[in-house]
């Protein structure tokens, strides 16, 4: 059996594991051979691999940001812990794991502990939905894109819960800003996605990616939608210039002011999980996902794990752009942020939908020799 | 830059200022004007309105053991010069009328002079501690207040 | 006693006994023992619990020869100092995080909230007015935590130790792990102090 | 005359599409530059006080890193040459922070124990007044700055410890203060002097000699003055102006002044 | 949401020092502010009374730790007047150059801190990097990075070392394009402009009334600059322009400071040219003993009092990087100054803060207070 997808790996491991158990305890061999049981175990293994991969990727993303930001700032960034500071974030995580976790006296216990946990868990759910390559996830979700966006928009709820239950004024202001900001930016993001749906004709991320084999044609009608989506994503990820909820200068550390130790690590991790997921989403929706334009040599796409390689490369490039923006731009103010959201981005996203629809109507402009196959 | 007490004296006379005791030359300022503390409020108005000293640089006090001195450093944008006002105060209960209605910037300077030197400013809008904690009872810039090397000192933290 | 109780004859001689301001911010002087009264909302609650939890955790780790060195390595390689500037040394503290010295190389990233810090760098003169705030900040930091007294003012009051308002050494208020001499210390000296603290943590096996 | 910066600075960005273009371009240029060599000094391995390193880095990065070629001027820890110290106390006198104590070191004769400075680096403000005041040049400041210690007591440097630093031959602060051309000298208020020899005994440079002066016969009706008929003569060229004699004089008859 | 008081400080990223801004807010709007100072009150004026004239210099560097040279210059001028001593010509020019270098370093430090408050991270590091070059120059001729102890009553400690003018010009050549870069990072982006335009407005008449000086005053349209109006040192012999703006807002202060940096570079170039061609002594010939270090101590405490030494009062005013600073030194003939009184510009600028904060938003506090350039060391002294 050729192992080409993550499912295959998981199935193979589950089979081997159950086979081993059956070999050791022969009476169990027959009931363990049940296909449903193997599939169930395979799903667990699949989840574990996905979780580990996404966590390691997230930590590498933090390292990537620190090093790149360092170069933007004419310095080196973490470099003495591990080779080139690769182990720095692992040290940070372990240290925070060891730190004493406590609850301020007047904080609300349930919200204080549940908020960050739920924030991290819902952020990690994203990776169950986002396909990373052909066959590397369950492709049977017809509305996977909508599901991804829904999971993405859970965050303000949990941020607000943890901010309120910290019983700190800075946290509360930060939480309110966060809620206002995320709700304001949901709308343009969804409208920009409508443009994608109009062009691709599907809510399934796999289909959307496959539609983008005509890469150059794809970018033309969706340039505006992409700009809107990336701007909205910046706000959703709470990165500079839209990192008002954690605005260091006025709100000490924003909504995580009262958090230390592992709960703070949850917040940090979840932030970067969201950044990673958001970057992958941008790549999937606009930059071709794991595919390359159809005219590139086949050798570039045929080596093992090529799909994941291209996807991650694109993801890190997109994240690099975010780091670049962070290095060069100041933070905006709340009212300006909301004004940008409601008065600039929403008209722009509506316009992008109209443009996309017009392209679909005209339907057959061959660009660079590619004949679009639109409408799903 | 040059000290010019005659000019100040002439202008003061023209403005009808009362309570001026002496106008002395002073290096770096137009003059040093000694005045009686009772006529402070009126004199401040004269200096601001008639002589054009619109900017109050600072207010300071000096403890001369037998008496206190309070001095005001004023600057005029029109003539580009400083003038020093100075008044001798009683050693027992040094007090003078506040300058903050005339120059709002005097507010904090007077608070500082009150807390460090111990000169009381009558009718000051907000005469409370600025640099030292509330309830501090000493006036450190008085001559009687001596500094000494800290000895070994045990500090205990008590939670309230 | 430093200058909080001058023996000088003053017009309004203070009555002997505790001198307490409304905010309880003054050091109280009784028989050569100075109390700093602090009003910490949260620290009192969590501090005993924190100490207990930490000692339990350390005990647990002590039994495991594998885990403890790993956590020690993590702890000493990721010291987050509190982003707090007191006086002159704060400028050199900032310079150490500037492009030329870049303290982030060692994993030292300043955080603004004491909850997320491991390291309190006292970079400047501590006055009696700020003493109780300093203690409160120290107590808000979760265990394990360390203190660096940067510069002479934090070490022993420096040139201002004779003044009436200055605490002659921050070790009177919080336990200090490493002293850095200098007035102010160069950024390299601060980095040297941080490296010294890392060596100290490794030595102590915290 | 006044440069009104309002007009220059406030003009709107020319191209509305490039509202964030300029900072992004600037950051990108810096990124490209520092990919080759950021201006960070990898401190424990590269040190600014190493001139070779400074040159190398400046050439590689194309910018003036650590321009101070006279880096040796830095005022760090003191180095003390115990052998040439004359125990004149000048360093302790001139210290504004009163962090220098004169402590006895072995090597003096029992009558006049040799005293050398001991510096508390928890109080020192590194102003350099002591090394400026040192007449023999035995106390000088080196470029060493790494002084972190877990123990407060270790910050007090004894003369021996500073002598060890001296023996390491670290770069010393090369700028030495020249003594002013016509300094004040120590003058004697002759009628007040009782000839007690205290100044000559304590003078660190032994530039005071007690000379006999002719006895003056008491005036009729007066008792003969209780006076040892000697008075100090100070050799100005050897005097280091430490003021020890002024401090020990019981009658306050020595003072600063000019001979004219 | 109802009104509430929040404490910004003494440990808060906005404060850049040790003070507490109590703010009453309604939602995000500021209704009232109440600054609480004194957390860094070190009694410098009192300690000065126990020190010799030269020994006060060590305190001056620490009074304002971003502008040590300027405060040394301020104090030295007042002390020289009080003691009746004049410094040689070359020393005056070196002092002027030092003050301008200090202004440059202080303004760059301000820039770094100010943009960091706005969330711009990289200019902070660029600023610190470029400021370090100026500090290197200081170190080359004074031996200290922040605390110089360089000026003495009657001159300066030592002459400039060999090769210094060349290095100084190299640094200025490096800095000039950097200033353009700073401008591109800030004024080049619309976000920065929208954060700063029309914020913290203080009109010229209000500035004068409230004692606000320095770049804050000049950004409101006034041309008051002590260097021009009442030239001290040798400022009458160099050419420079006074930077002014009209609006009196945060952008105006930014523009004024950026222009001042350029003017400082211009002044430094002129002083370097002068210093190249005029060698000479840097310290006065004959100095009295009671100055204290380093010209030997005065012996027993108080022994000078029985002799007749000149008395006097010295007043000096300089244009410090933050504004108008004054010193008032009373010499009563002892070896210590009888009373030293300083006027700190930030003290006055901060005392007016309710006038330029109320009515704006919480998010506006960092840029507004950043544009004031708070240095708590000189406020509390």
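Just a few scattered comments:
Per-chain numbering from 1; labels A, B, C, D and E assigned in written order.
The working rule: a contact is a pair of C-beta atoms (placed from the backbone, for glycine too) under 8 Å apart; a residue touches a chain by one contact, two chains touch by 3 or more.
For clarity, every value in this text was computed on a predicted model and none was experimentally measured.
Pairwise, the chains sharing the most contacting C-beta pairs are D-E. Comparing the centres of all chains, each the average of its CA atoms, the largest separation from chain A belongs to B.
Per-chain Cα centroids separate chain A from chain B by 64 Å. In whole angstrom, the spacing between the mean C-alpha positions of chain C and chain E is 29. Chain C has its Cα centroid 38 Å from the Cα centroid of chain B.
Distance from the chain A centre to the chain D centre is 61 Å, each centre being the mean of its Cα atoms. Shared interface positions of chain B, defined as residues touching 2 or more other chains, are 131-133, 140, 145, 147, 149.
For chain E, the set of residues that touch two or more other chains comprises 12-13, 38, 41, 43, 46-47, 50, 58, 62, 122, 125-126, 129, 147, 185-186, 189, 191-192. Residue positions 70, 72-76, 79, 248, 252, 327-329 of chain A are each in touch with at least two other chains.
Contacts between chains, counted with the stated touch criterion, involve the pairs A-C, A-D, A-E, B-C, B-E, C-D, C-E, D-E. On the chain B side of its complex with chain E, the touching residues are 1, 26-29, 54-58, 60, 62-63, 71, 73, 75, 77, 80-82, 84, 103-109, 112, 116, 129-133, 140-141, 145, 147.
Chain C contributes residues 82-88, 90-92, 94-95, 97-100, 112, 114, 124-125, 127, 129-130, 133, 137, 159-160, 162-166, 183-184, 186 to its touches with chain E in the complex. Those residues of chain C that touch chain D in the complex are listed here as 99-102, 105, 152, 155-159, 161, 169, 171, 176-183, 185-186, 188-189, 191-193, 195-196, 200.
In the complex of the two chains, the chain C residues touching chain A come out as 41-42, 45-46, 49-50, 53-54, 57, 70-71, 73-75, 77-78, 98-100, 102, 104-107, 111-113, 115-118, 141-144. On the side of chain B, the complex with chain C involves touching residues 92, 118, 131-140, 142, 144-151, 153-160.
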